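Across the two complexes that follow, subunit A remains constant while its partner is subunit B and subsequently subunit C.
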Partner chain A sequence: MIDVRKLSFVYSPKTPFTTQALFDIDLKIETGDFFGIIGSTGAGKSTLVSHFNALTRIQKNSGTILIDDIDLSAKKLDLKKLRAKVGMVFQYPEHQLFDDTVEKDVMFGPKNLGLSVDEQRERAKQAIGLVGLNYNDMAERSPFELSGGQKRRVAIAGVLAMRPEILVLDEPTAGLDPIGKREIMELILNAKNMCPTVVMISHNMDEIAAYCNKIAVLGNGRITGVFEPKELFGSEALLARCGVELPLVTELAVKLSRAGLDIDRSILDEDELVRAILDLRSENNA
Partner chain B sequence: MPLLQFSNVDYSYPSGESDFIRALYSVSLSVERGEFVALVGCNGSGKSTFARLANGLLVPDGGNVTVDGMSTSDKNALFDIRKKIGVVFQNPDNQMVTTIVEDDVAFGPENLGLPPQEIRERVDWALDSVGMLDHAKSGPFRLSGGQKQRVAIAGVLAIKPELMILDEATGMLDPDGRREVLDVVKQLNRKENMAVVMITHFMEEAALADRIVILDKGHVSRDGGRELFAAPEAFTNAGLDLPLYVRAAQKLKARGMDIGCPLSADEFTDAVVDALKKEDRA
Partner chain C sequence: MRDITIGQYYPARSIVHRADPRFKLVILLLYLITVFFCSSFFSFGFMTFFVLITVFLSRVPFLKVLKGLKMIIVILIITSLLTMVFYTDADATPLGEWWIFKIYLSGIYASIKLGWRLLLLVLMPTVLTLTSTPTELCDGLESLLSPLKKIKIPVHELALIMSIALRLIPTLIEETDKIMNAQKARGAAFESRNPFKKIKAMLPVLVPLFVSAFRRADDLADAMDSRCYRGAKGRTRMKVMKFHAGDVFALLFWCLITVCILFLNYNWLGWYFITVLGL
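Here is the complex of A and B:
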């Protein structure tokens, strides 16, 4: 569980450039959640999640974060233990590939955990499989000659090889083509069997609506609210207040409903929409 | 004379010591003044290579790229070519050159040798257009990814190019930001007759363009108007998705309800309402 209490954060404190990025954030993410974090650019989403593996350290008198039994505001923080527990996939993670073969790149994390070479390899093998790549084809290839989507999967495999309990992803599908996007989302769902808690930042409301069971909205460094998908996307008032866009499929449902059709405005799935339209038709014919 | 013309262009990247990856082959394509073109294709189809060839960052291995008649292979013409063609790339971090936002946006107009007053006006206008005027004095490195991308777009706007190429430039923006930037670009297209080539993965965005070019494994597989969407194989064969409206319309058709090929949320709504009414009467 991630328990954020009264977390604040200031960039460049005590300089003329000081900006407060987070204000008194309270947030609970339970084990097993597929937790979405949304909000406009500059809302503080990345700043917030970069605290979860202590890449950004909690400032003095600026609140606490508990991740299970680890207190992230403690002076002596066991970073190794924390980073084995919390895996972080940054924006454009493929920019962080560095080794000359895919296998070595993925083994780097487990190596830093002090595991034996056999165990490192075992984990790399599993992680490469989890992201949908063929280990035998990939292991000896240079990560730099792969396609964009493949590189991103290798980078995610590097994080999964740490076998984290919590996986944090910052816009995992940005810049990928639609099929690449779907593949990455499927692999995240797949990884969730092994790593029970997933936290995902995304601007893609269709993805958020389709995959998350809870959604936190951030605005100007504050939590505007935490909602279930149907609750948020089904309420125009909430959406307007939070400055959130509808998933495209919900937008269509709302437009149809406004045009006088009897359609649920909180539809979050394409097939559901198609079914709802076909239902109207059979009513007509009856 | 077309503003941008690719004639039988080939381009390969070296891979390893003796290998090559063919990024584009026999690509012929021209863009006229004032056009709004969406260039779509899956990752690795050669879209970004196209952008880099268009403004002379890369020079073709075979064939020719000309901008308003000037060849990009002519080094002396590059300065004039880049006055006419501005490219906004995917990753804003690689596009920032100074430590203050407004200096960054002024970099282009300064290099054009414009008078200070005009530079000031263009910088303010460009920042205002992308909604970043409030951040004029901040450091680019302190902005979020999406904010940086808007500054990068402002930097190109300030040059007032005749053709702007956006290479997945809205990928990092939130939905609001994406629409704002698209609105600005559309407005410039209409009012100032600035041609736009929008390289995008968002099929709903591509459906807004007058003309759609599909790149598949380095080659132009289709080039046409919005009617292309009526033949979905053109997209799916190139590894692309279809806009949601088109996908949903296809699923309805498969179940016996034909609503045509709507290309926006409003068209979709109207088509469904009409189809239901018609069936009612029947």
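Here is the complex of A and C:
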């Protein structure tokens, strides 16, 4: 569980370049959530999540964050423990690959946790499998000769190998083609079996609508609201207020229903839409 | 990491910020030469007065300027102290004596002057970097050095390299920040005291950093190619540097100060010069 209370954050305080990125954020993420964070560019999403494993430390008198029983505003923090607990996948994680083989790169996290070599290898093997790569093919290859999508999987495996309880992803599908995007999302869903809580930042409303069970909208460093997908994408007034666009699937459903077809306007998932259309056709044929 | 931005530009609206960077550079050069001609306390005071006026006009908080001096204050104190204790003056009797050190009155004067001179030498460049962006300085330098093109020195290319380097430094710092964060998130510890361990710990940062620097360089080269960049030949500027009456006036004014210092230093008109100034 992540419990954010009255969190504020200022970049470069006391200089001419100072910007306040977060204002009094209150947020509760329960264990088992697939939690989506959306908001326009510069809203403060990345700043907020980088607090979750203390890469950004909470400033003085700027609120607090509780992760289960760990208080992140405490002076003395067991960073190792925290970072094993909260796995963080940054935007373009493939840029952090450095070692000469995929296996060694994935083992970097477990190694830093001070595990034995066997345990490190065991975890790397599992993580590489978890992201849908073939361990025997991949282990000895250089991460730099892989395709963009494969690199990203390796990078995600590097985080999963630490076996986090909370997985935080910052725009995990940015810059991939539609199939690559779907594969990454499937992989995250797969990883969720092992790591129960997932927090994901995304600009892609289709992903958010299809996978998240709760969505926080951020605007100019403030929480505009926390909603269920049906609630947010089902209400035009709410969408307008939050400055959020409809997922393409839902937009299509709305257009079809405007055109006179009997289709639910709050469909959030491609499969669901396809099923609805097929049902409609078989009804008509009958 | 972010605090080591190169150039310490302090944005403000002032006549010093607005001034033509070429004139600022020439004035700085003139000023530095002039400082070497200062010899009497009076001339030091005279220069300091005008430096303070420049700081005042630049609207940079005085504390900010002093912060720029933080780095050299130690050097300054040490050199002054050394000068004081090792100064020898055969004609004078020492004020005090301790072990092999003798302190002379003229030694104290010399050390104060040395410290003051160093201070003056650092102050003005600090003001310059506080009031002009690295890009402005680069362009100014290119323009001032452009006569060297006649003797086949590739001034434009050198300036371009310099401005690209300056432009990329903050980007690379940001990149380093990001990569360090990513590796920290995987449990990397960069706080080790052992220097060998430290270098080894930096490897997971350095490798991605180099990869990204090369990627950036490639991208930049492509971007320049696709915009038909062909070097200096026939190239015009988007921001044409223009100087104003104020710039010329400032330059003339500093020339005047130089002349005054020279007069004071060489005592060309005898000490009447001071009475001429009305002091």
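Heads up, the rule we're going with is that the second predicted complex is superposed on the first by the 264 of 286 C-alpha atoms of A that agree within 3 Å, B and C clash if a C-alpha of one lies under 4 Å from a C-alpha of the other, contacts with A are read in each partner's own complex, and residues count from 1 in each chain.
Note that contacts are C-beta pairs under 8 Å (C-beta built on N, C-alpha and C of every residue); 3 or more make two chains touch, one makes a residue touch a chain.
Just so you know, these numbers come straight off a predicted model, no measurement behind them.
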Subunit B versus subunit C as contact partner of A:G158, first or second or both or neither: second
Partner chain in contact with A:E122 - subunit B first, subunit C second, else both or neither: neither
Touching partner for A:S46 - first (subunit B), second (subunit C), both, neither: first
First (subunit B), second (subunit C), both or neither touched by A:D3: neither
If touched residues of subunit A are counted for subunit B and for subunit C, the larger one: B
Which superposed partner A:L113 touches (first subunit B, second subunit C, both, neither): second
First (subunit B), second (subunit C), both or neither touched by A:E231: neither
First (subunit B), second (subunit C), both or neither touched by A:L273: first
Overlap of the subunit B and subunit C footprints on subunit A, listed as residue numbers: 12
Interface residues, subunit A side, partner subunit C - complex: 12, 16, 50, 53, 55, 80, 83-84, 87-88, 90, 93, 95-99, 108-109, 112-113, 144, 158-159, 162
Of subunit A, residues touching subunit B in the complex: 11-12, 17, 19, 39-43, 46, 91-92, 145, 147-149, 171, 174-181, 203, 205, 243, 245, 248-249, 251-252, 255-256, 258-261, 270-271, 273-274, 277-278, 280-281, 284-285
Footprint of subunit A on subunit B - complex, ascending: 15-16, 41-44, 90-91, 138-139, 142-147, 168, 171-178, 201, 203-204, 239-241, 244-245, 247-248, 251-252, 255, 257, 265-266, 268-270, 272-273, 276, 279-280
Residues of subunit C defined as touching subunit A within the complex: 2, 10-12, 178-179, 181-189, 203-205, 207-208, 211-212
